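Structures given as structure tokens follow.
Look for chain A in each of the two complexes below; its partner is chain B in the first and chain C in the second.
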Partner chain A sequence: MKYIALVILMITPAFLFSQNNPSPAEILKKIDDNTISDSKVVISRMVIHGRRGERTVRAKTWQRNTSDSFTEYLDPPREKGTKMLKLGDQLWTYSPSTDRTIMISGHMLRQSVMGSDLSYEDMMEDPFLSSLYEGEIAGSGELLGRQVWIMDLTAKKDDTAYARRKIWVDKERYLILKEELYAKSGKLLKQVDIHEVKFIEGRWIAVSATYKDVLKEGDGTEMMIESISFDENIPDYIFSKASLRK
Partner chain B sequence: MLIIKLALKNILGAGLRTWLNVIALSFSFVAIIYMQGLYNGMSDQMEKIAIEAEYAGGQYWHSSYDPFDPLTLDDAHGKIPDNLHTLIDRGEAIPILIRAASIYPNGRFQNALLKGIPPDQKILSIPSGVLENGGTSIPALIGGRMARSTGLKKGDYLTVRWRDTNGTFDADEFFISNIMKTDDSAIDNGQLWIPLEKMREMMDMKGEATIVVLKSGSRFAENAGGWNHKNLEFLMKDIRALFLTKSIGGSIFYIILLLLAMLALFDTQILSIFRRRKEMGTLMALGMTRGTLIQLFTLEGAIHSVLAAVAAAIYGIPLLTYSARTGFGLPESTDDFGLAIGNRIFPSFTGALVAGSILLVLTVTTIVSYLPARKIAKLEPTDALRGKMT
Partner chain C sequence: MIKFLIKGLLRDRSRSLFPVLTVSSGVFLAVVLYSFMNGVIADMINSTARYQTGHVKVMTQAYAEESNQMPNDLALTGINEITQTLKDNYPDMIWTARIKFGGLLDIPDEKGETKDQGPVTGLAVDLFSPSSPEWDLLRIEKSIIRGRIPVERGEILIGDEFAGKLDIAPGDTATLISSTMFGSMAIYNFKIAGTVRFGISAMDRGAILADIADIQEALDMQDTAGELLGYFPDNIYNDEKAAEIAASFNRQFKDPDDRFSPIMRTLPVESGLSDYIAMIDSMGVIIVSIFIAAMSIVLWNSGLMGSLRRYGEIGVRLAVGENKTHIYKTLILESLFIGIFGSVIGTAAGTGVSYLMQIYGIDYGYLMKNSSMMISNVYRAKVSTGSFFIGFIPGIVSTVLGASIAGTGIYRRQTASLFKELEV
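Take a look at the complex of A and B:
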């Protein structure tokens, strides 16, 4: 009995401590739990800053199981009706002006999406941080008025797109407030800065962010979420090539 | 022999009319030979440039490699088969590794091809020796067109991003070690040449290549474990097809010229037959058969082409020799058409080309001369003597 009491006494502070200071793996798991859902429908706005000014592109995206998504561009009129379908590791785009569906693969994946700082291959990335990376808490700090952990993530496998990431995670909301993506050589490639977060349907969501290809000149691409709903019942036909031409 | 003498006497006697026809025909001669020589020269030049810079003695391609399908590039790499390796070790072939990458010249994003080549190679005319010493940065060699389109200069640094064999992003600074002047846009546009071993290390593709280029004159064509042998015949197919099309298109110009000359000759023949009715009647009365008379008139027409060949030789040989030596200057913009020609085209005139052109003009002239002369077959000597044509 004494022995049990002693064990309880010993593990209690450790347990309490772990609640306040979760392990890196737990943090990554919680980040995934907060951001990933079975399905979601998002209306977003992308402000692309180019050399000749800026332009805004609005789109509606239906997403299923993180692997499949269907996007229809709503604005500007020039892009209206352009659609994009991602099924696993395959991607197609449909352009109404040419009435043609093109499979995006190989070198085409490196091309920019609508002239933004995002490439098609960025969209093909696996979003599960916990399964792809091993984390290490490098420090703590404050960002956007929130207490954050600064974490260094190293890819578990050789075939991960980014060998290393650095993330700033809200200690309370388990939401990434800033992210840096690095090449194998250690060179910084991309940077994501969150500007605004909202609590929607029980999740903390970044509703305004800037995505920047650091190697490129310019102010990056602003991403804004106008509306988002989770766990929607999306019909299967949406995720078919036939729906591109509809 | 008699009709040859008679024909010569007749056409020389026709004076200016004959010489006008001869001059018009000689223009056709020179134009045909010049145009064909120009296309031959262009084709020879393109083949020579392509052989020196790209194909050498033929190539072996990785089974997934298709230069016309960039989507295949990600998978188009593999270990070099043993028999090709032996050739490489003997200096009779070089491996080249090709991968897609993204470059950021002056902060702009652009797609590019990375090509790894052994710096000490001597098989292709690419000045890869400049890749030997890069210091701490990765040395890169680019062509003049690439330098113009990216604004890069010798000594500049360029950020390049690529994905290794596993798909992981990597990036580094490249140092532009030199800008090569090449007439072959296929080794220039959108391409960066870097040391092969460095590229293999970057891509995590030790001992791998996309293509193997054989030394010029190589007859090696063995089966190489799934790698496909492409001989010069295959590699040149497009260039030859292009020039066949160009040559056919270009022939329209001299066909028009030839038609004009033939029209003049046809008119001369018609006029000649009409004006020489009494002469024909006399000759028939003296015992010349209609067939011989037709031969005489046809021969008179055909001799025009012989005289035209002589006239063409008088001014054509110096003219064409001069043009073959000095070449034909091309405007700057031709460089952007993607044709590996260079700044000047040097026409190439062969004996077969000259003989073929003479034969063509002679045949056409003879046919055109014969057509009006057929009328003589219906000619009655008595009508002819009276100046009548039946």
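Take a look at the complex of A and C:
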């Protein structure tokens, strides 16, 4: 559940569309359609390159559709056992050392997740681009040896976390290979670069990416997927507050 | 002669009363103003030193650049070794490590769910080492309002006003939600040992005082602290000495190429109070100059009016053969007695009132409700050696100066016209 937004961004089925000139709305719709899976279980690794060196955080995430997820941190020892639960637009964290479950809301949502370049707000964001943004194709190019569309997206609503995005979309795989997130003022806030893509269980998945908060010192956060499985039968109790204390 | 002049002043009150009142009022105001400003600024420096900067402060260079944002990810590591080095190199100073932190204080209900929550700033100090200087520096015991002092790890003190806002009391549990040194979310349970009045609005509204070992554990800062503060043993800031210590430390330990190497800064540099401290130095000169100028004009005017009233007397004295210089000298001598007398009264009254203001102070807490300055809510005057001279000497100088200017009129009196005047 830790990196919902990013994981969803990174996971795309390899539907090989043959349309030559789809409209921007169609491209966004296809990107969204390709991210949908009933459930998934992901073990991921985050290498955070902070101001005082780097550290690695590992976590296991159970995800049900796009709204609910449950994450348990596996490493480092200090974070082991810390859990997070997202149900719709609500987010809780559980700290085993204090046995407290805290709801994360308000300005806490802007805090960094485990010191990474991701904020809780990033995790809470609706992953469906087509419902949040209107897009236009700004051009074409090549990235990571793939033909891409370069698209400018503008938020439909004022309260969207990032008012503007620029995305580089693989023309064949409908996979975002690079992304820049902007504030309303036009200031670049965050940048995502995909490094490695793999074909797993019939889907093209970005298994390595760097997420960089450009307002923060450091060299960004590397995100890696160690294992992923789709359409797992995840019991409902996982997505309950009671499971935080287990 | 002196006896004669004094008798004259005592018997003719119109010659002495107004000038004495003028001098004593001026001296009184100068003493009170000086002592009050001295007290407020000394208190500001003292509060800043105790809570924020020490007399000197050691941090990493990176931390120093953003110190007002409490960047604990840039804190000093290997704090025990650095403290020992400081103790070896500057054995006369008192050294103590501190961590400032911010976050949320979450109050759980019976089920462990959030009952109330509020933003908090915290100060972590050494509460439990036998040699900790913090009890004296922060006057912790005197500040307790409810409950008791912390006696074991995991206990904190909380601002009384803040406790009221969150509806918590000694014995309750409070959870700190903050960020570790590495940016992860830190969640740590504390027990409220007591409530305190820091006497500084910004802290009373939302601060906690915790043991540094607890906060090191909570924020993943083992053997690390944001700041190392140094205090002179008499707890009085000495700018020259502090600058000397800072320069010698920085020569030895600061590495311009390593932003995590330590840097030492003095109180005025770190707090931005250098202008205030310079103001203290120049304040005496400013007050004395304004006082002498204003009082001389008033007393000159008073002397002129006195001369007019004593026009006949001076005429007779000239007519009977007293020379002008002698008369001028006696006027100056008279003014000297008035000056001394007025200055004694003014200084005595001024220091007396200032002393009362030093003891009781004036509570401006209602004006400081939204203040974020590290300044006490109660403004107090401070009677110092300077208070006894700041008005006394200018009081005498201005009286003599005023009389000297007014008395020059004597030399313009024409002896030839005296008898004509005396006939009137």
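In the analysis below, the second predicted complex is superposed on the first by the 228 of 246 C-alpha atoms of A that agree within 3 Å, B and C clash if a C-alpha of one lies under 4 Å from a C-alpha of the other, contacts with A are read in each partner's own complex, and residues count from 1 in each chain.
One rule holds in what follows: contacts are C-beta pairs under 8 Å (C-beta built on N, C-alpha and C of every residue); 3 or more make two chains touch, one makes a residue touch a chain.
Quick caveat: nothing in here was measured; it's all calculated off a predicted structure.
K.L.:
With the two complexes overlaid on their shared chain, look at chain A and say whether chain B and chain C clash or fit.
P.N.:
Here the two partners, once superposed via chain A, clash with each other.
K.L.:
State whether A:Lys187 touches chain B only (first), chain C only (second), both chains, or neither.
P.N.:
Touch partner of A:Lys187: chain B, not chain C.
K.L.:
After lining up the shared chain so the two structures overlap, which partner does A:Met151 touch, if you call chain B first and chain C second: first, second, both or neither?
P.N.:
neither
K.L.:
With the two structures laid over each other on chain A, which partner does A:Met46 touch: chain B (first), chain C (second), both, or neither?
P.N.:
neither
K.L.:
Contact-wise, after the overlay, does A:Gln111 reach chain B, chain C, both or neither (first, second, both, neither)?
P.N.:
Both chain B and chain C are touched by A:Gln111.
K.L.:
Contacts for A:Leu215 in the overlay, against chain B (first) and chain C (second): which applies, first, second, both or neither?
P.N.:
A:Leu215 sits against chain B, while chain C stays out of touch.
K.L.:
Per the contact definition in the header, classify A:Glu79: touching chain B only (first), chain C only (second), both, or neither.
P.N.:
After superposing on A, A:Glu79 lies in contact with chain C but is clear of chain B.
K.L.:
After superposition on the shared chain, which partner residues are touched by A:Asp159: those of chain B (first), chain C (second), both, or neither?
P.N.:
first
K.L.:
Quick one: which of 6-14, 24-32, 60-68 or 186-194 on chain C sits on top of chain B after the fit?
P.N.:
It is 60-68; the other listed stretches have no clashes.
K.L.:
Do chain B and chain C land on any of the same chain A residues, and which?
P.N.:
Of chain A, residues 108, 111-112 contact chain B in one complex and chain C in the other.
K.L.:
Can you list the residues on chain A that touch chain B in the complex?
P.N.:
105-108, 110-112, 155, 158-163, 181, 183-185, 187, 189, 213, 215-218
K.L.:
Applying the document's contact rule, which stretches of chain B touch chain A when the two form their complex?
P.N.:
Residues in contact with chain A: 70-74, 100, 102, 104, 106-109, 111, 159, 161, 163-164, 166-172.
K.L.:
Which residues of chain A touch chain C once you look at their complex with the stated criterion?
P.N.:
48, 50-52, 55, 78-79, 93, 95, 97-103, 108, 111-112, 114-116
K.L.:
Write out the stretch or stretches of chain C touching chain A in their complex.
P.N.:
The contact residues of chain C facing chain A are 62, 73-74, 104, 106, 108, 112-114, 175, 177, 179-185, 187-189, 220, 260.
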